[in-house]
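In the two complexes that follow, chain A is the common piece, with chain B as its partner first and chain C second.
So, the complex of A and B:
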């Protein structure tokens, strides 16, 4: 029996299957590329070759695209990323006290006490220091993002880069580059700046106690890990499945939910073959003029999102009750 | 005469006074609609770029009613309590609006010092004169308006929830359900009750604020700080949520003061701006709800063993 977790983030869509003891038996990392539905279908297409629907007995969704994911896959549990990440971290390591998570557009700190989340913080409206910014800089310097961390480790000195704002950081990086610093030094400077900004902004006022786990896509960047260790003075651990932790958490939560309810809502891997189309319209029901998204599967309406008054999204709930 | 009242900023606190006063003067009062997309868009279009979102929304409310009224009220609120001030944007609000929006009708912009009945009345006299009313009519309208304000109890005090939070921040963020994305309803749906500052007595707010190293300069600081810290100390709630507009200078200080005084109490800061995508705010409040729930059950576990 396997349990499916789907984490639809701003940059990547991750799917995992875990077994009864929460071991990861399958993991799929895909770029969301602005189309979460297509990414999920792509993932299901890969799973279809190896697994049958009856083997998957629960499904959970998390990430900023969790609502859309939950509707199309028929999730048993829909959880926010904080709870999902903490659940996964506690599953692999009971001693964890601090979780640093940096994803595509969000960064978070989660403080754990007695095995329970006792405090957390997320970045505010600014995405400086998150994966999408690093991606952009890697592209600008024409360095594959996978090698970004190695470049940082090669530098002997760190160049000071303004880290508060992605726009400031970029202009600072360009100025330093025009002064003749090499890529390695600038990238190391950038890693230091991002970590400084993270600790100052998200970590402000929080007591960071080891053991520290570093999760999310950015944890693959050795330069950032090293910068954290230098600035915190503690060892920072990156779990093997660091980029999958949200999905693993969602799968664990779904597993627990289905154990209680005894049945799953999972709609099956054939979703990969369905034709799923979204249409958006501006609701004229009131002056709010919400942008409502309507999802069709093979010409049948699956659900609605985006309305403030829930006039439309309530129909989604009714639909899923009927199904 | 048609008098327009924009539904923005401290309208949420003082609407009974404003509406009653102008009604009693015999005016036809036109209040703008609840904030909506069009009002926000117009506000962003007209307002100076670096103002906070509530000020921009106020501009949108003004723009939405100027064609329907002959006189518009732009409250220039200077002071609500003696020796305290409110955000400077309120002092300059009429200038910001009048210089940004074309075809403005005549506006009532006289400064409001609401530190005593007498001082507030001097505003009422000037406002009444704009409608060519005599002193006795103004006096009567003023007294009715004060009674209406006193009889009106604003605030949220949910009952019957397992978990409760103190919701703090400026009134225009708490009560404008468009800009806060229906925060109170969302919290209620998650099984969390909401309590706001209006139910904490003035002398308690003052007593808490008097523990600060310096008397707060701003009325909002004293109220929000006093309420949040008192709720945490009394444990009358399970957590605090502070809803704040992006780049609000006062909030940046109040939030730090609260964190410093009650560092280990669950505290969530929600920053709102022009966003209409709700994923960010949903993630934060859902995670906060999960945390409060687990903390509550964790504490219960300890107490049964201890």
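So, the complex of A and C:
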């Protein structure tokens, strides 16, 4: 009995299979590359080689692409990233009080009290200090992103870089390069700037209490972890499957949901072989002008979403009831 | 003369009743949508608040349908809304439109004589007698009252309904049917019919759904387009929601304010946190948060447009209330750049937070 969790994010699409006691038995990390459907199919293709449909008894979806993911995989639970991350974190450690999550395009802080989320914040208008920003800078410096953290740890001093805005941070970084600072000092400066920005924006007004869990793709970066520890004065823990926490949370929520309902909507791994096409149209039923997305699987309509009045998406539900 | 007015929630329904009753020619601007916002954003100052932009979009679309006069409420209050009419007059003139503005304002600011003069401008093409005009106004107020009641009831019952989506359907049908009525009397009886309909929908009184209060800046809470239809979403999630701010509340508040008898309860509740009217509806927002907690709500969502001074003040006060009373409050800021995905994520996460909190409280005790 396995439970599937799918997290379709801006940068990566993660799939995990967990067992009854929430251990991760399989994890797949794929780049979304702007095509979530293809990424999910790719992931299913890998899973298909080792698992059978009947072994997977629940499926959950999360991430910014959770709507499309849930429609095509037939998810039992569709949850937002914040709840998914908190669920996964609480599963591995009940004492966690603060969750720092930095992903590809967004960053969040989740405050937990008595094992329940009591406050949270997400970045709103600015993506400075997220994974994509670091990716870009790594590219500029021609350093593989995986080694970024090691470079930061090697530096003895940190160069102060203006981290308020990603564009200005970049110009400031170029300036510092031209002043002759070496790569590792600049990278450490960048990590410090990112953390400073995070604590000043997302962490503003929040009381950060240990134990602190650091998750999301950026948690792989040791330089950032170190910078958090320096600025907060507490130890920061990075869970083993830090980049998969969203998917793990979705799988756990799906597991609980199916235990309640007793049946799953999961469509099976053969999805990998189907040809899935999406078409969008502007609904003309009323002045709302919703952009409705229609998904076809092998020329059969699989579902709709994007409408406010649920005129179209109700058809999805009716169809799935009939099936 | 062809009158138009900016959209704000269900005002268009009451306005239709008023102008139909007066026999005045009017244009209802097309419902707010992306197109309206695009037009508004193109011509408005970049830094101005969201309502301004949407209103400009409304005017321009109404002009395309032949409108030449705008009816607007003003306010000499200490918030940017007080300058809307002047700014919009200038802006529309610069864009080359020949548009008349009729700005209704408080008698204490413009004098009662001036107010009647301006009201007279609205009815100048009406051939109704004084009695007919008064009746049209009364009918319009009745319509505003009824639609607000139907809406509030539907929002609240959505948490209790047995047939999912029934409240939302009734509310949508109600609005649609009201707009198909040809005179105020017909509209009033149609609205009454729907009000009764809501009385008899099957509900589960043992359900105990989550209850959320919607508080914040008046335009963005009332106009669903500006808050990404948050109340519709809450209905879909099976959450009961309540919003104190309605067009009827506003009228009542305005009418009673010269006697200082307006919103007594709200003023009383906000006393400990914000005892002064600092402009906009900041004091009301704070008071409503306190009232929501006392009224047994699970949480509150504050919505306001980016750059709204009064609400920024209340936003910084709300965490204190939240802490003092152990009452979750989430603030959402909207403007023309707001991405819907992140917004929805926040609303969903907030509902999860309330749900889990409640379960935990039950388990813990």
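Here are some notes:
Please note the rule applied: the second predicted complex is superposed on the first by the 307 of 323 C-alpha atoms of A that agree within 3 Å, B and C clash if a C-alpha of one lies under 4 Å from a C-alpha of the other, contacts with A are read in each partner's own complex, and residues count from 1 in each chain.
To be clear about the criterion, a residue touches a chain if its C-beta (ideal position, glycine included) is under 8 Å from a C-beta of that chain, and two chains touch if they have at least 3 such contacts.
From a predicted model like this one, the values you see are computed outputs, not experimental measurements.
When both complexes are overlaid on chain A, the residue A:64 reaches chain B and chain C alike. Of the two partner chains, chain B and chain C are each touched by A:205.
By the touch criterion stated above, A:82 is placed in contact with chain B and with chain C alike. In the superposition on chain A, A:116 makes contact with both chain B and chain C. When the shared chain is aligned, chain B and chain C each come close enough to touch A:288. Put simply, chain A uses residues 64, 79-83, 106, 114, 116-120, 122, 124-125, 205, 286-289, 308 to touch chain B in one complex and chain C in the other. Residue ranges of chain A in contact with chain B, taken from their complex: 64-65, 67, 79-83, 106, 114, 116-120, 122, 124-125, 205, 286-291, 308.
Residues of chain C that touch chain A in their complex: 30-35, 165, 172, 229, 232, 236, 319, 328, 333, 337, 341-342, 344-346, 348-349, 352-353, 356-357, 360, 364.
By the touch criterion given at the top, residues 64, 79-83, 106, 114-120, 122, 124-125, 205, 286-289, 308-310 of chain A touch chain C in their complex. Contact residues on chain B toward chain A in their complex (touch as defined above): 33-34, 36-39, 178, 181-182, 246, 259, 263, 266, 269, 271, 273, 275-276, 279-280, 282-284, 286-288, 290-291, 294-295, 298.
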